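Given below, in the form of structure tokens, are the structures.
Paired with chain B in one complex and with chain C in the other, chain A is shared by the two complexes that follow.
Let's look at the complex of A and B:
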């Protein structure tokens, strides 16, 4: 419990920054919906004449941006990116922080098992992202009616909003594995940003084609706005692969962490 | 000279990882070209039937062959910008700030050299690395695109122009990173602020795209300075933005010297 509390306290500052940025970005983009919708309506009319392959190739998602739900899905494709950076940073830094601060010997000589240390850190990360997503969702619920003054589908918004969490889980898993597999990580952010942008670019490459098999490679393809709007829910196979990847990576990280040779200085 | 070599060696592993990632992405992106080409042919026909006004709205001109490898490659520009901005910013921040983090600042600075010489060596090492990163991207692109290019018209020139522009953006982000490394309290903070700048300017690009009222802010987002297609095929290089990139970088580097000279380094 002590470790858990310590980790939460340590993560607080960056948690505040990222949570505030997510909410700020949501607000800024929402503010421009009213002016954007007229252009979007024109563009949408125009795009209806094109085959879906064309729209995909040029990055026009198959959603109507003049509708608030479509516009929200557009905003969330970027909020997911920011959230993913945070998730990755969290996953990488939790398990590598002690070596960097040279406090590993302090922590690990306490009468707790490595598994307990891992569990405490992992739970702290979960609390961080879950609370973050609840706040983002609540902020949306409170602000969309004020900024847009239009009725919208709350279910769709909830699905979009919590897709941030689901993508974060993927990256937390990946971050934990990297942190426990590498001997000492000197820096977190270059790895976090590099890996997240790598997956984001894979998604951008995917976007230009409608080939489904390759989309399993990147979590940014799992919860796309177009499919959420279309299905009124998550695509089960993607949801499943997201959760499975998260669980497998977390267990792998726990296993690696248990046998890791951690140097005191 | 010793410091330059030392820095190059210290960053070798991360450089190789970055280079490998870049090569993989170019490879993966071009692998999909054949599929893109198939969809493109149908699109070309529809596109030609559109009135010129609509073509302009979509930001393309009539001669543009959507199935050509050159046009397809110009889409990669954004990927390069994203990767290179992260690489340059983080490299700049860490090369300066890592001495304190690794508790080697006292070791370096008791050497009989001025602080400014240590900074100069680090700046040179960083410039060498971003140049090499750029050149690897160029060579792999030129060779790979050459493989797929069946038109007989070489694309090496246009790709080279694109890389020259990219190097201006790299230098810009390197300047910002170096300054953050000297200015921020520690390495962690420097890379944190760097992350904020990269993500913030990237989102600003998106905002500018959806809202014309923001066009006046274009100068704040390096991601929206350049249009890859125009650079590659119209030879239109917006020199104003190139100067802005290099000017900002010079300010950043000058700031690095000023701040680092007076910095209270903890050992």
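Let's look at the complex of A and C:
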């Protein structure tokens, strides 16, 4: 329990930054909506001149940006990206922080099992992302009526909002595996950004191909705004693969962490 | 296990990767209530052995038990009764010393503030400072206090005196001996022979991953070499080279150096008959001692 509290405490600062950024971006985009909508027809016309691959890659495909739900799905394609970076950073840093700061000797010479340490760190990560997503959702619930002044589908907003969490789970799983597999990571952010953008680029390629060939490879394909608007829910097979990937990677990370040699400096 | 052994290490081997040697076929026992020295040059495998005992790293082959329990399978139970001071200490920088000690104590049940204060007073450690602001020596003190605050039955010290000034070293040794008298068994690694000679009852000597010798400290002292350097206007090399107990006799300019083993009175008698400009008698450093073990084993 004390490890869990310690992890939360140590994660707090970056958690505040990312949570505030997510909410700030949501708010800024929402304040533009009313002005934006007046010119939406113009923008739609403009976008028609771009190739469909381009529109698809940047999230403009198959959504009506003059509708608040369509506009929200456009905002969330970017919030998901930021959330993914945070998830990756969290997964990587929780399990590599002790080695990088050289406090692993202190912690692991205490009477605790490796599994307990892993579980404490994992739980802290879960609390971080879950509370973050609840706050993002709550911020939306509170602010959309004020900033947009028109009725909107709360169900769709909830689905869009929690897609951030679902994508984060994928990257937390991946980050944990990387952190457990590598002896000592010198830096977290280059890896977090590199990996997340790698998957984002796969998604871009994927979108511009207009084929479904690569969609299971990248979580950015799993919860597309257009699909959520269309289905009024998540695509079950993508939802399942997201959860399965997350669970398998987490178990793999726990297994690797249990067997990891903790070297002196 | 035999009733009196706290640590039993059997054929412990650790490779890092395929080729890189950690330790090879290390076996020794540490008996209950003794202060056991583990001595060897840097990189010999002392830390590897100790880290395996704490299951920070996993052996390639062989096994070790502490309190009769396998140190990998029952690591978390065993560690409840171990106090460990790593050779280099690192703690969470933004914490206060007191908070770190409380955090450490929380792993062993109730936090005993009296014990924390008592140890900090002995080691002259300010509890209200931030870890960030501490010098290396002061961090080491934090390490000592956090290693002892739960009254461990086994204390494992890895190069404990590095970074401590002589006064603190002495306080620390007193503290270790006090814990030992209260019943704690102590395993201490070092590359400094005199400090091991001062504290320990038995030593294991390790070199290049292998145990060279396990010896009673008295035996080691009796077989101990002295490193002698004499300067004189006349060439004394020939005089000493043929003397019994002299090895490695060398001459550089006017100075003759050699290792001497045996009755020092014999040596003093010979020295007394010569006209000397200078004379030093030192403990040989470890490499020179190991040289002897190499020759003996070859």
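We adopt the following convention: the second predicted complex is superposed on the first by the 247 of 265 C-alpha atoms of A that agree within 3 Å, B and C clash if a C-alpha of one lies under 4 Å from a C-alpha of the other, contacts with A are read in each partner's own complex, and residues count from 1 in each chain.
Simple rule for what comes next: a residue touches a chain if its C-beta (ideal position, glycine included) is under 8 Å from a C-beta of that chain, and two chains touch if they have at least 3 such contacts.
Worth saying up front: this structure is predicted, and the values here are computed from it rather than measured.
**Q** Check the contacts made with chain A and report whether chain B or chain C touches more of its residues.
**A** Touched residues of chain A are more numerous for B.
**Q** Taking the superposition on A as described, I'd like to know which of chain B and chain C A:14 touches: first, second, both or neither.
**A** Only chain B is touched by A:14; chain C is not.
**Q** Using the superposition on chain A described above, determine whether A:6 touches chain B (first), chain C (second), both, or neither.
**A** After superposing on A, A:6 lies in contact with chain C but is clear of chain B.
**Q** Which partner does A:187 contact after superposing on A: first (chain B), second (chain C), both, neither?
**A** Only chain B; A:187 stays clear of chain C.
**Q** Applying the document's definition of touch, where does A:110 land relative to chain B and chain C: first, second, both, or neither?
**A** Touch status of A:110: second partner only.
**Q** Could you look at A:101 and tell me whether it touches chain B, chain C, both or neither (first, second, both, neither)?
**A** second
**Q** With the two structures laid over each other on chain A, which partner does A:263 touch: chain B (first), chain C (second), both, or neither?
**A** Second partner only.
**Q** For chain A, which residues belong to both interfaces, chain B and chain C?
**A** No residue sits in both footprints.
**Q** Inside the complex, what are the residues of chain B that reach chain A?
**A** Chain B residues touching chain A: 14, 17-18, 21, 25, 28-29, 32, 35-36, 39-40, 42-43, 46, 54, 57-58, 66, 75, 78-79, 82-83, 86-87, 90, 94, 98, 101-102, 187-188, 191-192, 194-196, 198-199, 203, 206-207, 210-211, 213.
**Q** Mind pulling up the chain C residues that touch chain A in the complex?
**A** 16, 47, 51, 54, 56-58, 75-80, 82, 84, 86-93, 103-104, 106-108, 146
**Q** In the complex of these two chains, what residues of chain A are touching chain B?
**A** Listed in rising order, the residues of chain A that touch chain B are 14, 17, 21, 25, 28-29, 32, 35-36, 39, 43, 46, 49-51, 53-54, 56-58, 78, 81-82, 85, 100, 186-190, 192-194, 197-198, 200-202, 204-205, 208-209, 211.
**Q** Mind listing the chain A positions that touch chain C in their complex?
**A** Per the stated touch rule, the residues are 2, 6, 10, 101-106, 108-113, 116, 259, 261-265.
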